[in-house]
Amino acid sequence: MVTHRIDQTAVIAALRGASPYIRLYKGKIFVIKAGGAVFRDLAGTRALIEQIAILHHLGIRVVLVHGGGPQLDEMQRSLGIEPQMVRGRRVTDDRSIDATTMVLNGLINTRILATCREAGIDAVGLSGVDAGLVRAIRRPPVHVEGESVDYGYVGDIVSIDTTVVRKQLDAGLMPVISPVSSDDTGVVLNINADTVAAAIGAALGAEKLILCTGAPGILERRDDPRSLVSFTDLAGLKRLEKSGSLEDGMLPKASAIEAAIRGGVRRVHVISFNARDSVLAEVFTNEGTGTMIVADVKALTPAEQHPEGVPKP
Amino acid sequence: MVTHRIDQTAVIAALRGASPYIRLYKGKIFVIKAGGAVFRDLAGTRALIEQIAILHHLGIRVVLVHGGGPQLDEMQRSLGIEPQMVRGRRVTDDRSIDATTMVLNGLINTRILATCREAGIDAVGLSGVDAGLVRAIRRPPVHVEGESVDYGYVGDIVSIDTTVVRKQLDAGLMPVISPVSSDDTGVVLNINADTVAAAIGAALGAEKLILCTGAPGILERRDDPRSLVSFTDLAGLKRLEKSGSLEDGMLPKASAIEAAIRGGVRRVHVISFNARDSVLAEVFTNEGTGTMIVADVKALTPAEQHPEGVPKP
Amino acid sequence: MVTHRIDQTAVIAALRGASPYIRLYKGKIFVIKAGGAVFRDLAGTRALIEQIAILHHLGIRVVLVHGGGPQLDEMQRSLGIEPQMVRGRRVTDDRSIDATTMVLNGLINTRILATCREAGIDAVGLSGVDAGLVRAIRRPPVHVEGESVDYGYVGDIVSIDTTVVRKQLDAGLMPVISPVSSDDTGVVLNINADTVAAAIGAALGAEKLILCTGAPGILERRDDPRSLVSFTDLAGLKRLEKSGSLEDGMLPKASAIEAAIRGGVRRVHVISFNARDSVLAEVFTNEGTGTMIVADVKALTPAEQHPEGVPKP
Amino acid sequence: MVTHRIDQTAVIAALRGASPYIRLYKGKIFVIKAGGAVFRDLAGTRALIEQIAILHHLGIRVVLVHGGGPQLDEMQRSLGIEPQMVRGRRVTDDRSIDATTMVLNGLINTRILATCREAGIDAVGLSGVDAGLVRAIRRPPVHVEGESVDYGYVGDIVSIDTTVVRKQLDAGLMPVISPVSSDDTGVVLNINADTVAAAIGAALGAEKLILCTGAPGILERRDDPRSLVSFTDLAGLKRLEKSGSLEDGMLPKASAIEAAIRGGVRRVHVISFNARDSVLAEVFTNEGTGTMIVADVKALTPAEQHPEGVPKP
Amino acid sequence: MVTHRIDQTAVIAALRGASPYIRLYKGKIFVIKAGGAVFRDLAGTRALIEQIAILHHLGIRVVLVHGGGPQLDEMQRSLGIEPQMVRGRRVTDDRSIDATTMVLNGLINTRILATCREAGIDAVGLSGVDAGLVRAIRRPPVHVEGESVDYGYVGDIVSIDTTVVRKQLDAGLMPVISPVSSDDTGVVLNINADTVAAAIGAALGAEKLILCTGAPGILERRDDPRSLVSFTDLAGLKRLEKSGSLEDGMLPKASAIEAAIRGGVRRVHVISFNARDSVLAEVFTNEGTGTMIVADVKALTPAEQHPEGVPKP
Amino acid sequence: MVTHRIDQTAVIAALRGASPYIRLYKGKIFVIKAGGAVFRDLAGTRALIEQIAILHHLGIRVVLVHGGGPQLDEMQRSLGIEPQMVRGRRVTDDRSIDATTMVLNGLINTRILATCREAGIDAVGLSGVDAGLVRAIRRPPVHVEGESVDYGYVGDIVSIDTTVVRKQLDAGLMPVISPVSSDDTGVVLNINADTVAAAIGAALGAEKLILCTGAPGILERRDDPRSLVSFTDLAGLKRLEKSGSLEDGMLPKASAIEAAIRGGVRRVHVISFNARDSVLAEVFTNEGTGTMIVADVKALTPAEQHPEGVPKP
């Protein structure tokens, strides 16, 4: 056990500060999604997992969903395949689906589990393939600029059965989930991690879905961190989309956010994994660090607006 | 819910600092004993209960035992009885035992419960009389300086049955216990609160017994706060007793401490309720604030010495 | 264990007689309310508790609510306060609420628990303050004969949360409840014991609410015991009220009875604690001893009328 | 539900008298064995079952074992078989074992269940054949006066597996057990009901085994009811046996009593089913009506001797 | 344990073949009714029970209901009573109801239990009399050809309370049920076993009711086994009835089948107990051996028609 | 659901044959280990998983441990690393441990899970890294022919904590386990799959450990299938080892077998995955197909020798 030598008064003040949140979130489900960039090195992995360990030991039921884009790019290239993205989704041929499985279910998932172990979290690796968690079908070819594009082994979610996830949570184990899924006949399919995280969050009725991204949150003006939107709702998100504020990578995230909230997730947070301790700051402090999205701002009572990241006018 | 506006970095750092302790103490039983002086006004009561609320919400199973000496003095005097102490125990005649019951089981216990309510703790008031918790017998007269002194309705503990306490803890309720007890025929008897706290702590196999006193801890030289003993064991306690370091009020506490440790309590802490946030500091920081007593210092591994209040040589 | 030497044939006959009631009431909740006069001496306390012990050991889930008027009068006077009643409610100033807490939560509650112990009942003392049992607000000043009267620390019930009571019952413990309650901020408030007993009975869906009073039951003509009303319903109660039959002390009881029945209590009984074994007689014999009130006599089947205290025409 | 009109004071006094026993026996197992003579007519059956219903509804876990000698004699004769007893055991040929099964498992068991139904007891009929309750082997031929006697389908108990009995008790059902048993290959065998009751009592660790017989208990001088032995132990039983006090029918009972007590049954009672309410009187009154046998009188404390049927000198 | 030496490849192939059914039926309730003819000798009893043992050990919750007509005829005659049937129901006088109880609840039920024991099934014998399983009333006299016929102790079912059956199943015990029942006052009544099996099947929401008869199933032309109806529904059954195809003994069975299906049993099977392994063949093979009846053939999906006994056109 | 059309009589006969085994093995734990060669193509994977599905649906608690040697060779080569084996263990450098994780935890584990899904098994993928299942340390360098060989990221088992495995089994989920493990700091280590399977089998107290290999079992003379050892014990295994019968690949297996049996596994089976339905044949037929090893043949009763694969002399 590593203990940190810090100022005693600060510890106590902080515990007082965090106490209402601890009480509020005990036993609640948080789905945290982190992209492959988070896990590029051990330091980044540890930085996230140590934060999650604190949530876990405080009694929050965390479900971690991970991606693996950069690692997959690298793997494909080392196998001589040039990664090809169409409308933000990876075209996945025969050899690529094997690479995807190896990188996501094998390399990254295991690395996270190993770091969980170091952090004292009893974690279990899952993917959409385990015990019927994600039922998917192969995506039909799409027409892009007059041409038919076959995504190959890319899946669309048909339904989610969270039984296996709940069994892990009920047994005190933290599920670490890769988005790789399959159809009913066992054909393995690649699905976007944000999409899977949103669907699982909705199916679990999660209190929060936290998306850890490279950006500080949702920005009104791309590349201008001062234009961070601290707090918005589905209508606001739609407005941002229409005004062209959302950059390419953010568009599928916006769909996932909407799906999560419509499916019953109470709050979605978009935060930067680069900001130090951003998960803890978002959960345990008033100001938060990124963007919080709810269904409808007007439906919140003043008390409800308070707990998290709500900017004062 | 009141939230505290504090520096965000400090909160996170503090959570990291407290995290190992949170993990260590989850589900453990802490018996906290606080004398009547703590509850003299609402501010003092709140200062303690707010700290306990944090322990409670973090999943520590707290049992609070309270005394009520000053309030009882006052009550006796308002009824025209002059309080009389012999060897640190209150002589308790017929009218005084009623006064004791009223002050301890009535006034103080209820005030604590009311403050628990404000702090969001589901608490239940108990005394040694409830459901056979403390089985006592009336203390026989003692000979002091050639004279026989009848303590009246003062009890000695015969046995403890913690079933009723465990049932409350298992139901998620925090027991707040007055030391007033009774014999098998229902005669109500007054017992020292330190003695009751130590006996309940031992019977519960508590992780910690925390005695909140007016002094900063055990002092080698009375009235010299710089002579605070941070860490000792039963042999050290005996040495302090022999050397005359322990003042009058501390002698019965020393007996209680010994009884608790011999009965199976892992660590006893003597702290000052006057020091701000002293309970949280003792539990969640490395340095602690008062005196920690274990069975045998030499039997501890270096790792075991670490977690709490261990002075560096 | 004290055994009673009685005629063997009588025991057997009695068991046969009581058997249908035993079967009928096993596992049902009875709320029994007894005023302070019952507990004026040990003999009176024992007389009631011994009867309750029999109910308890037969598997009936008894909840005992007690008052403490006479003891409180005495206490106030010994503190130099003259008790003042307005419309049957005690005006309760600053010092009086402390006295109330001491007398009800301290003295009387503990005496009952001590007697329960003697009788082999595992009992736990509660008050409206414990674990949010009674949520009350301070009663606003009322206008009496052109003058504004501030009742002081007198409460009105906002809501009842019987969780803490059910947890005790489920753990096999008998709750002994003082009516002292508090508001959400922990301000202690005095509430009438009949009112609290009725509200708790309704919230628990009790089978019976038994009010132990100084009178033999409800009388048509005050002070004429021959005018005892053995059996009536809410309409009958209203008629008695209109006809002026109900004396002062009985008026608030009538409100409590109505509240209990409207809230779901099946039968309310008003009996005399002076009549020997009146609780047992009311529960286990056909004739009963006092007044039984149901929602609507006409809605009862003949079989339902039979079991308890229904006089033959 | 039939209610009995009896004197109210007597009911209350009786409840007080029975109360310590009710408390003492709640949840304990009583094995009651009644011979076929008890069930000769509906009146006799009802007389016993009504008493058992009271025990059952008071929370005692009753197991009823029945015989059926007289009915079997009659049946054998109506089938043209002359009943033949050797050393108190029935010689049971091919047709007789069918008759035994029909009379015990069919006629008598069903009659008892039907009466249980009338009395509001949820009862389940079992025999030694059900779910491996009694494992028996066929008794080898014995030599009587120089001749070999083949008992035919008569069994000796090899072992008892009370799982099926405990499952009924745990499900709140009262087992009514016929002594007909079988070997491992399913050959049905006749066993003496006293023997089966004693073995089941021992295997269940019963609090009491109550043998309902035609005699008022064990007599020192046959046919002299004034010579009733109220209280004895295994040594006393042996003395009675040696002195020739025990009549023929009582000898196998003496073996059963000894087996039960050596196997762990705390008290065995021999009472008359002819005496009115003899079961209730034995259980709930101080004097009892028949003979009580314990392991060793000298090992009892005075308090232990008290509860049941101990005559004052 | 007896093991059977069979061809290894066949075993494996068979397990593969049976596997989908095993998975399909695990935990489901099958009510199997077998008439007295099945139990006429040990060989027949064993042939059925061994098949049931396989179902039981595969995790199917089997409830066995038995009749006993031929044995009862024989018994009545041996007692000098000539069996008399009116409209397929046995007239049951005073002595006959005793004979019925002895033969069904005694002889046959016990024989089945003994064979269960040999087969390693933990079975418990029940009848409609146990723990209120079947509530019946005595059938009123009927007018047949101008004459009033009193059936005597023949019952009609008022209601079924399967609590006692479910408790056995939940405890892992197989109920073996005789149709003898009683009214609320404990008067024992004879009821047709098909009727009882159908009512219990409906009350349990059984997956299957399997009627083991002397015929190969339902025949379109009596005595022509080639006219076996493999698969039909309630409308088909009605047509067969109208066309006169159903022989006398089959008419009450048709009523039972209809009652079962209308009451919620999914499939009823009529098979021959004479055909070797007919129960297993009906359950585990595609072709089945007898007649399967569902509510409405047209409401089945092709997949649902598949599993059992569906003839190809 | 696919149903197989097979001869009806054969199905029934087979069910009878398999029935004693089904009863014997219900609820027991079988650890099945299959090497990478089994999973080289979908057909091989399906062949095994379909057999396991039958065991699983019959109520056997199967734990599947897989290897992946051939796939790993291929992967290493495609990454430009030449696989290097020393004493049967793979030297595993930095890049190779990543490849190992990808192939075992990613590719093969996921393929098995996908096939489980097709077969209707709710399966969860685990590796030694999940929730502290395998605690390993890095193997120290060994001296081979005067040279120090560093195995790199190869682990030795320190201890096994099967909590996570038992939680899956108790939740009705089948664990599919990759042998990749880690040390306490989260360094990922490669361990031989036979070793892991044996250690897990011992820690679970498994009924059987079944090793699926390329050979038909243990052979006395290499490459002579007619020299198959059907049945032996630890002493026999030692004899075979000394006589040089065990080929290179079999030596580490022999250690695993010994470790499993000494650790408490009752029977170890070595079978060929090439033989059709070899797992089912080994489990459900008398003759078995491969080699069965027990602790001590002489300690078996004749009955115990019977159930599996014991050749008659």
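A, B, C, D, E and F are the chain letters, set down in written order, and residue numbers restart from 1 in every chain.
The working rule: contacts are C-beta pairs under 8 Å (C-beta built on N, C-alpha and C of every residue); 3 or more make two chains touch, one makes a residue touch a chain.
As the structure is a computational prediction, the values presented were derived from the model and not from experiment.
The minimum number of touch steps separating chain A from chain D is 3. Counting the residue numbers used at the interface between chain D and chain E, over half appear in both copies, so the two copies meet with largely the same residues.
Averaged C-alpha coordinates put the centre of chain C at 57 Å from the centre of chain E. Centre-to-centre separation of chain E and chain F, using mean CA positions: 46 Å.
In terms of their C-alpha centroids, the spacing between chain A and chain F amounts to 36 Å.
Distance from the chain B centre to the chain E centre is 70 Å, each centre being the mean of its Cα atoms.
Counting partners per residue, chain E has no residue that reaches two or more other chains.
If the chains shown are joined wherever they touch, the resulting network closes on itself as one ring, and no chain has more or fewer than two partners. Traced around the ring of touching chains, beginning at chain C and stepping first to chain D, the chains run C, D, E, F, A, B.
The part of chain E that touches chain D in the complex is made up of residues 78-79, 98, 101-107, 109-111, 113-118, 122-127, 129-132, 163-164, 167-168, 170-171, 173, 180, 182, 184-188.
Remark: chain F residues 1-6, 8-20, 22-24, 26, 50, 53-54, 57-59, 120, 277, 280-281, 284-287, 303, 306-307 touch chain E in the complex.
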